[in-house]
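Below are structures written as structure tokens.
In the two assemblies presented below, chain A is common to both, partnered first by chain B and then by chain C.
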Partner chain A sequence: MNKENNLKGWLYLLPAILFLGFFMVYPLVDVFIYSFEEGYNSASQTFFGVGLYNYSYVLHDPYFLQALKNTFILVIITVPLSTIIALLISVGLNSITAVKKLYQTVYFLPYVTNTLAVGLVFMILFKKTAYTDGLANLVLAWFGRGPIDFIDGPYWAKMFVLCFYTIWVVMPFKVLILTSALASVNQDYYNAAKVDGTSSFRIFRKITLPMISPMIFYLVITGFIGAFKAYSDAVALFGTNLNAAEMNTIVGYVYDMLYGDSGGYPSYASAAAILLFAVVFTITLINLSISKKNVHY
Partner chain B sequence: MKVVLQNLTKKFPSRNKKSGDEVIAVNNFNFEIPDGKLIGLLGPSGCGKSTALNLISGLIQPTSGRILFGDDDVTNLPPENRGVGLVFQSYALYPHLTVKQNIMFPLQNLKGSARPSPEEMERRVLEAAKLVQIENLMERKPGEMSGGQQQRVAIARAVVKMPRVLLLDEPLSNLDARLRLQTREEIRRIQRDTGITTVFVTHDQEEAMSISDMIVVMKDGVVQQIGKPQDVYDSPVNLFVSKFLGTPPINVFDGAVKGGRLFIGGEAVLDAPGVKDGPVWAGIRPEGFILDENGPFTCALTGVEVMGRDISVVCGHEKNAGAGAIRAIISAEHRPAEGAKTVRFSLKPYKVFLFDHETEARIEVVGK
Partner chain C sequence: MANHFDKIERASRTRRKVVRTVTYVLLTFWALMVLFPYYWMLLTSVKSYSAYNAEYVPTFFTAAPTLENYVSAFSGVPLARYFLNSLIFTVVTTALMMAVIVPAAFAFARLEFKGKNLVFSLFLALMMIPNELVIITNFQTITNWGLRNSFAGLILPSVTSVFYIYLLRENFAQIPDELYSAAKVDGTTDFKYLTRVMMPICKPTIITIVILKVIECWNSYVWPRLITDDPAFFLVSNGIQEIRENGFGRENIPAMMAAVVVISVPLIILFLVFRNKVMAGVSRGGIKG
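Moving on, here comes the complex of A and B:
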């Protein structure tokens, strides 16, 4: 490789480097710097000093702690549950032949539906108003329970709706990925197992699961990252004042710090964003190390 | 364990729904595979040989007919209760398991009193691995092995549960030419060592002829001929079988019989006593030619291919009805004269077969 060729190579890369540099690397570095600048004012571009005060503030802010708790609950409940349910649905879909296409379409519909529109539907299902208790409470009433206000009521009820909603929204993508993963497993493996008299549970555990493990792993990783970055789902259900509803998420907290009613604090927002990054990064590393043992490529 | 197929038929519904024609993959099979023999199911692609194998394995249910292992009617038994070992064309080794885990897999499926103790399992896995000579590869994953080694693992996995019948689907098609030669000897040896009745499917006639005790030649779902490889080669029942066996393939001529003599073109090349007059297909094996200056058969010389011990004389003939040029294999000690335009042969009568022009069935020549 001579020098001229090297230059040519960089020239080809230039558009991508410029684009990524301006819109990704620079903002990332900037956020990192902001997070250490105390009392940064974006209008005057001034700050008092450099230090860890922003982190200290954020970590002592009850709204942030609430957001952190909400996000963690959301992640821990929705990621495993949605993956397991998606796996069950996919296995079911894969084993039927009649109307398979129809079901695949039905399961994929939520994916192409607008988040806020879905949120509205969930509001109608769960919201308790002066006129009606909502559809969910109607069902609860059959079992002699309720009524519960899922949207403005107790914390666990709101968290339930948020988790339910999140699982419902991420389901189509997971089902799509897993059905195609299942369909791509060579039928010979199943025939070989059948000739050897393998029970269907053992086939699932010893053949199907390892065969599609890369896809499951992909879904878990992206699921974790997606759930940690949840925000619009909460807004769709509980409106923009998430702090008042005790339903804020970390990303929601960052947004509020920048633009919300109590906003205008880019330093706090940056510190919160860096904390989120640290959490996601750590979790992803843990995922990767677990996967080494259990994922078969 | 002898395997008996009685009136075995498998029809598949047509993919073309409008015509509604059924595809008959296996049409009324009736034959018996003797105990402890190695049988080659042979035929061109799409002739139904894999379907026949899957019917024996139980992965496919027949439309009608019966399958017996010994005296047991296994027609309605699921594959796991038939006691068959199946080696797939793709080997179907579980890629995430080691060789040892792969071979042990069928044993671990056994339940109750049939399930061997862990020590017994170890012993049997090792025994199977030794049989196919892979005992030093036990901790490898399939992806870390060559095609030939994977093939052996697949065979070990099929024999570890001591099947009554071993079935191999195109066992050599994924191997390179040298390995194929070596592995087919291996299969023969393993089959002899274990004495398991073995059926294998192939489209390669050389492969089938070289190791089988008996071959079954199929075409379009119909059995054409069953017999010892040499017998089938020496005495094909129809034009298809004669063309399918042998490399280079048999030379076919559009000939005619007149007054008890076979004519190819204008030349009377051979006596054909007792055959009634009319057009015939004349098949002459490449080794059926003898270079003879006074021979009755003339053809236009196009080339000579040297193959060491033998030479192949390539020539053209106006009545050639085969796909390629005419080839005569003769000893390298004789060769056509330098610069000759034509070459003359006399024929070995037992290497010449006559087939009916319409039905393509063999016409027996009296006194041959």
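Moving on, here comes the complex of A and C:
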């Protein structure tokens, strides 16, 4: 190891270090500074004092509380539901041979399509206008229900569409991970269980589930993190003015504070972003401690 | 006795058949759920404006498909411009990223220098930093540099990815040391060794990273929305949002759907061509969901 080698190593790293320094390390420090600067003004870049006022403002802002509520409902509904459906689909997919590859390809499609674009299609499927009740209401009418405006109507209807679309969007990733986890379970275990005459439900509960539990757990953690950061799905369905639609999420609140009609307050945005990550961090820690007891590695 | 066995076997065969049928029905149901929005967007995009608006009850097919919506999608809104912007953004960002991460991964995998392990640990720690925390300052930085509504402003913050450096480093590190020593004896420079030996060997991983980055770039919405308000710099996602909110001067849903089809098709083709690479790549490094 000589001087020339040292220099060369750092030279190869230099571009990466510069970019990361400017756009990750510095902003990470800066966001905390912003969050404590009171009365920060974007235009003049001045502030009055240092303290916790930004946090207190955000925590008392009805828009933030609405966003917090929406995000929690979204997380609590979509994370368990999408994981369970993905598990069912993967088990089914793993048990068939015909059209398996075709179905895998189809299930993966939403991953590669633009969320905003397909969101627009969902909006049209669910929207009720003067010209048409829309397709969702046509289906409801077959069961003698409706019509309901899912996009501009009651809160629970809007939340239903948001949850439905979110599950539709996150499913490809979960199905992909679980299918490959299931495929990698050693067949010997199944054969042994079959020789013993174990019922298939018991095999699933006693062999399959424990064997793939690390992957299920991985999906639950990434699912929680992803759902807490929900934003573009809501924009796709309800437009950019999410506060007016009562459908804002925490991340949406951060961006609205930063930019847009209500923007220009990076301090509030920073405080909200840090609050969000305090929540995500805590939940991830809780998840980790639960997994220690229930996951078999 | 034999009769009894027959009965049990027949019963279990029937049961298996029922389970199989139910499985296929459920899987097909989900496949239809996934495909339906795509079908609906294609279908609506070929219905004429007047036919679509005359349907109080939506119909599931059309007898008179038309391409007029595709014409108005390109003439009514600057769709070609959004498309081109996204193309430039995707190509330049991906190319720059490769130019940054390949040397970095090489340095971590092959070169020996002081402080390497420390820097590598710091890089790994950065993987845990969510984008939402740093985007606020990046917005201010780009604004202060006067780079709003410019390609530089769009591209610069997404040029590095610690995760891809890590993925590539792991792959580089699997190449046996003997190859490197042999190349050194032959007097090959490190740079030549990287481009002539390591990169070709690791081509599958490099292709995977490129595809994942292209998908990410094509679908990015949040950063472009913050940094551009001039439609001349809109990417497809922002273009779609703009079409939705200000549209074609009227509620022209068939034309919107034509625009949606146009911007969805490139990635779907990319996926169908590189199906295995995309799925393997996402299961190794996917972060969405």
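Criterion: the second predicted complex is superposed on the first by the 276 of 297 C-alpha atoms of A that agree within 3 Å, B and C clash if a C-alpha of one lies under 4 Å from a C-alpha of the other, contacts with A are read in each partner's own complex, and residues count from 1 in each chain.
The rule is short, and it goes like this: contacts are C-beta pairs under 8 Å (C-beta built on N, C-alpha and C of every residue); 3 or more make two chains touch, one makes a residue touch a chain.
Just so it is clear, the structure is predicted and the values come from calculations on it, not from any experiment.
When both complexes are superposed on chain A, chain B and chain C end up sitting side by side without clashing. Contacts of A:Trp156 after superposition: neither chain B nor chain C is touched.
Judged by the touch definition given at the top, the superposed model places A:Gly239 against chain C, while chain B stays out of reach. Contacts of A:Ala192 after superposition: chain B is touched, whereas chain C is not reached. Once the two complexes are laid over each other on the shared chain, residue contacts for A:Lys229 go to chain C alone; chain B is not touched.
The larger set of touched chain A residues comes from C, when the choice is between chain B and chain C.
Of the two partner chains placed by the overlay, only chain B lies in contact with A:Ile207; chain C stays clear of it.
For the three-chain overlay built from the shared chain A, the minimum Cα spacing from chain B to chain C equals 8 Å. Touched by chain B in one complex and by chain C in the other is not one residue of chain A.
Within the complex, the chain C residues that touch chain A are 19-20, 23-24, 26-27, 30-31, 33-35, 37-38, 40-41, 44, 53, 55-58, 99-101, 103-104, 106-108, 111-114, 116, 119, 123, 126, 129-130, 132-141, 156-157, 159-160, 162, 165, 190, 215, 218-219, 221-222, 225-226, 236-237, 240-241, 244-245, 251, 253, 256-257, 260, 263-264, 267-268, 270-272, 275, 278-279, 282-283, 286-289. Chain A contributes residues 1, 5-10, 12-13, 15-17, 19-20, 22-28, 30-31, 34, 42, 85, 88-89, 92-93, 95-96, 103-118, 120-125, 129, 131-135, 138, 168-174, 176-177, 180, 200, 219, 222-223, 225-226, 229, 231-232, 235, 239-240, 251, 254-255, 258-259, 266, 269-270, 273-274, 276-277, 280 to its touches with chain C in the complex. On the side of chain B, the complex with chain A involves touching residues 57-59, 78-81, 84-86, 88-90, 92, 94-97, 105-106, 109-110, 157, 161. Remark: chain A residues 186, 188-189, 191-199, 202, 206-207, 210-211, 213, 296 touch chain B in the complex.
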